[in-house]
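Take a look at the structures listed below.
Presented sequentially are two complexes of subunit A, the first with subunit B as partner and the second with subunit C.
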Partner chain A sequence: MRELFIKLSKMKRSTIFLILIVGMLIPFFVTLKFPYTASPPTKAVFDYIENLPEGSVILVSVDYGPSTLPETEPMLEAILKHAFIKNIRVIGIALTEEGTNLGLRAFENVAKEFKALYNIDIRYGADYVYLGFKSGSEAAILGLGEDIRKVFPKDYSGRDIEDLPMMFNIKNYNDISLVITISSTMLPQQWIIYAQGRYGVPLAIGTTAVLATDWYPYLQSGQIIGLIGGLKGAAEYENLVNWKFKMEGRSLFGMKAIRNMNAVTIAELLIILFILLGNIGYFLEKKGG
Partner chain B sequence: MHISTSLWTWLAAALTIGVFSFLYKDNPFYRFVESLFVGVSAGYSVVIITANSFIPNLWNPLFKDGNWPYLVPMILGLFYFAMLSKRFAYLTRIPFAFMIGGGAGLALPLAFQTNVIEQVKSTFLFNPGYYKSLGAFIDAAIIFIGVVSILLYFYFGRKRGTKLGLMPRIGVIFLMIGFGASFGYTVMARLALLIGRISFLLGDWLGIIR
Partner chain C sequence: MRRFFGEILPLAMAFFFGTTLALQYFFPFRFAQTYYQTMLQWVIGVASMAVIMAVISFIRYNFRKIFEGRDSFSASVALIGFLMMVGLGIFSRESGSLFDKMYNNVYVPINATMFSLLAFYMASAAYRAFRARTLEATLLLVAAILIIIGSTPIGTLLNMDSLTAWILNVPNLAQKRGILIGVGLGAAATSLKIILGIERNWMGGR
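Then we have the complex of A and B:
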């Protein structure tokens, strides 16, 4: 047994990679159910949107790029599904160049899914608007607090903002119930300083797992109302939205984040196993001299 | 199994495999994909910034609406190009001075308020009756001990090799837990990105999974 553990602790790196890949592929072919109970920071975002009255407006800033798409896009889609089913209107903007088209794609995909699955029309200009990219993030965030029209006089496709019915009574943060930044950058820092700090607008952050720990202190201090961290957070939010849809007797959307998170869970279990085997082998070898 | 018939999906799959080929060893295909990515990203940024910022924020107000005060920021912006000439490089200091001065003026009071005052306030420990539940009080107490012990570790921790007092030692434990949490999140993030590409290759490209 001792020799076996020592041998296992010296497993080749390529073998470890191979086992991980095989393990990660399992959830794509076998249905697995891991319990993704929503963590309090994710649940806080869900509850906040859930408790908003119909017709409220939220602003979603798409601040990510394609390199983090598997983590961030499911978050955005889950939030949009939640908002649209609650008749909450959404303003989309992007403060990173790369996020501009990705954000538009997510809005359009969710609108198409609503039509295909429930025959519900999510209308551009009435249920959502997409204002596109603005450079100079600090100035843009501050400007939104004064007058959205000055920062975004036109929408993404060049249409005058005055021609969009949804924007008639929306001037600045006072008319917005929640700002959510879905980000793979340090932009949430600017949202905290300039939007929450200066104007006191409620703020939530959806971010990659790498950056999630950076924003926890702001959660504890109450400067942000909630935090969706990484693919795990996205899977939790997707789970909550699916639960809501199930309660309302609706068919469910695709569960992209949950399926991908199943694969990550298996990989992480394997990594924990390898760490244990490596340590046992190391100590047994050391003990044996 | 429904293999994609879209040229773009095939192209994206080829580029993904090109990047993964680095796992075997460095090769010309990988270097081509890497260069292509850098070039496309830069080009894309130029187009987006031109269409979404330069034209609506400067070109249209200045040349369409005749808003002449916009000449000032335009000239300041053009000064950045002076760095291409040794003779006129000093001109770049002017827009930089505006940027740094304005940025610091904007950020300092608000950043101090949000990152220092609010954070210090939220670290205060009150009597248990102040909190909604016992759990909330325990959370606050852990945060209080963590912050104080880590500060003590950084400011009053003795040199390596000598005995540390109890609080700085506790600070080290908090730091290690923090690093562990960050590392755990990082592993999860990297795996998530890998899964994203595998999902694309097996789903969108090969059609093996839905």
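Then we have the complex of A and C:
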């Protein structure tokens, strides 16, 4: 037995990779039902949007890149689904170059899904607008507090912002009920300092699991109203949105975040197993001299 | 003249704009607000210029590599890719355009794949290096395992959510706050040094 554990603690890298890939593929073929009870920070974001009156406006900043897409895109899509079903209008912007197209893609995908599943038209210019990328993130965040038109005179496709009906009565943060930054960078810090700190706009953050711990101090201090942390947070939010759809008697949207999180759960369990095996082998070897 | 443009003028500008922009925050007059909004437009303009500088630098660097025959293949690929995406993006960026297709079907999968590889290397590194050799390493190991379990639904099944939340809200927050206060004080001190001309590294160390 001792020899076996020592041998197991010296697996080849390729073997580890193979076990991991096989493990992560399981949830894509077998339905796994893990509980996704919403954590308080995720629930806070959901409840805040849920309690907004119809016709409110939220601003979503797409501040991530393709490298963290599997974690961040399901968050954005779940938030958009929640907002659109509540008749909440959404302004999309991007403060990272890479996020520009990703944001557009998420907005259009969700709008298409609404049409296909419920025959609901999510109209560009009336239900949502996408203003695209602006460099100089700090100045852009501050500028949005003064006048959106000065920062984004045109939308992503070059249409004058004055031609978009949704934007008629929206000037700055005073007309926005919530700002959500979906980010894989440190940009939320700028949103906290400038948008929340200076203009007092309610702020929520959706971020990768690695960065989530960085924003806990702001959650506890009340500077952010909620936090969606990593793929688990996305799965929790998606679960809440699906629950809402079920309550309203609608068919469910895709379970992108939940399915991906199942794969991550298997991977994380395997990593713990590897760590334990490595340590058992280490101690047995040390004991045996 | 060279000293004036290279040293005195930048220092004077840093002092003037640094102090006035800090002071305007405390003066709710129309003039202060107009000045602040004008400066915001300038910052966005200057940031856009930085993007142009980066593009020029990228083109020059890769052209030089090609002409000098150093790693010319990768430099050519980088330049062709760059010029192609810029060219496509100028003509049409709409959904379904060639630019959009290239971005979503080439750039996004490449980038996501590179990052996904991290999971495999992390698993391998954790297996080899995460050993309970000392007390500190053991504490780190135990905390890491608890957080990993807590960040999966298994944590909920094992009723560990409150323990994970405690680790994140108490020890994690204590050290984060310490770091944040340190960083904040450091940033304030560095800003003051730049405004007063004591810190001059931003001018190239003069």
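Here is the rule we use: the second predicted complex is superposed on the first by the 289 of 289 C-alpha atoms of A that agree within 3 Å, B and C clash if a C-alpha of one lies under 4 Å from a C-alpha of the other, contacts with A are read in each partner's own complex, and residues count from 1 in each chain.
Assume contacts are C-beta pairs under 8 Å (C-beta built on N, C-alpha and C of every residue); 3 or more make two chains touch, one makes a residue touch a chain.
This one's a predicted model, so the numbers in the text were calculated from it and none came from an experiment.
> Does the superposition put A:Ala126 against subunit B (first), subunit C (second), both, or neither?
neither
> With both complexes superposed on chain A, which partner does A:Leu269 reach: first (subunit B), second (subunit C), both or neither?
The second partner, subunit C, only.
> Go through the superposed model and pick first if A:Leu102 touches only subunit B, second if only subunit C, both, or neither.
second
> Answer with first, second, both or neither: which of subunit B and subunit C does A:Met186 touch in the superposed model?
neither
> State whether A:Arg13 touches subunit B only (first), subunit C only (second), both chains, or neither.
second
> Using the superposition on chain A described above, determine whether A:Glu138 touches subunit B (first), subunit C (second), both, or neither.
Touch partners of A:Glu138: subunit B and subunit C.
> Which partner does A:Val22 contact after superposing on A: first (subunit B), second (subunit C), both, neither?
neither
> Give one of first, second, both or neither to describe whether A:Gly222 is in contact with subunit B, with subunit C, with both, or with none.
The answer is first: A:Gly222 touches subunit B but not subunit C.
> Going by the contact rule set out at the top, does A:Asn279 touch subunit B (first), subunit C (second), both, or neither?
The answer is second: A:Asn279 touches subunit C but not subunit B.
> On subunit A, which stretch or stretches are contacted by subunit B in one complex as well as by subunit C in the other?
17, 21, 67-70, 98, 134-136, 138, 142, 209, 213, 217, 220, 230, 232, 261, 264, 267-268, 271
> Show which residues of subunit C lie in contact with subunit A when the two form their complex.
Checking each residue of subunit C against subunit A gives 37, 40-41, 43-44, 46-48, 50-51, 93-95, 100, 103-104, 107-112, 114-116, 119-120, 122-124, 126-128, 130-132, 141, 145, 148-149, 151-154, 156-157, 161, 165, 168-169, 172-173, 176-177, 180.
> Give every residue of subunit A touching subunit B within the complex, in rising order.
Going through subunit A, the ones touching subunit B are 17, 21, 24-25, 28-29, 67-71, 97-98, 100, 132-136, 138, 142, 153-154, 192-194, 196-198, 208-210, 212-213, 217, 220-223, 229-232, 256, 259-261, 263-264, 267-268, 271.
> What residues of subunit A sit close enough to touch subunit C in their complex?
Subunit A residues touching subunit C: 11, 13, 16-17, 20-21, 34-37, 39-40, 65-70, 98, 101-102, 104-105, 108, 134-136, 138-140, 142-143, 146-147, 150-151, 156-157, 209, 213-214, 216-217, 220, 230, 232, 235, 261, 264-265, 267-272, 274-275, 277-279, 282-283.
> Can you list the residues on subunit B that touch subunit A in the complex?
23, 41, 44-45, 48-49, 52-53, 56, 103, 106-107, 110-111, 113-115, 118-119, 121-122, 139, 143, 178, 181-182, 185-189, 191-199, 202, 208-209
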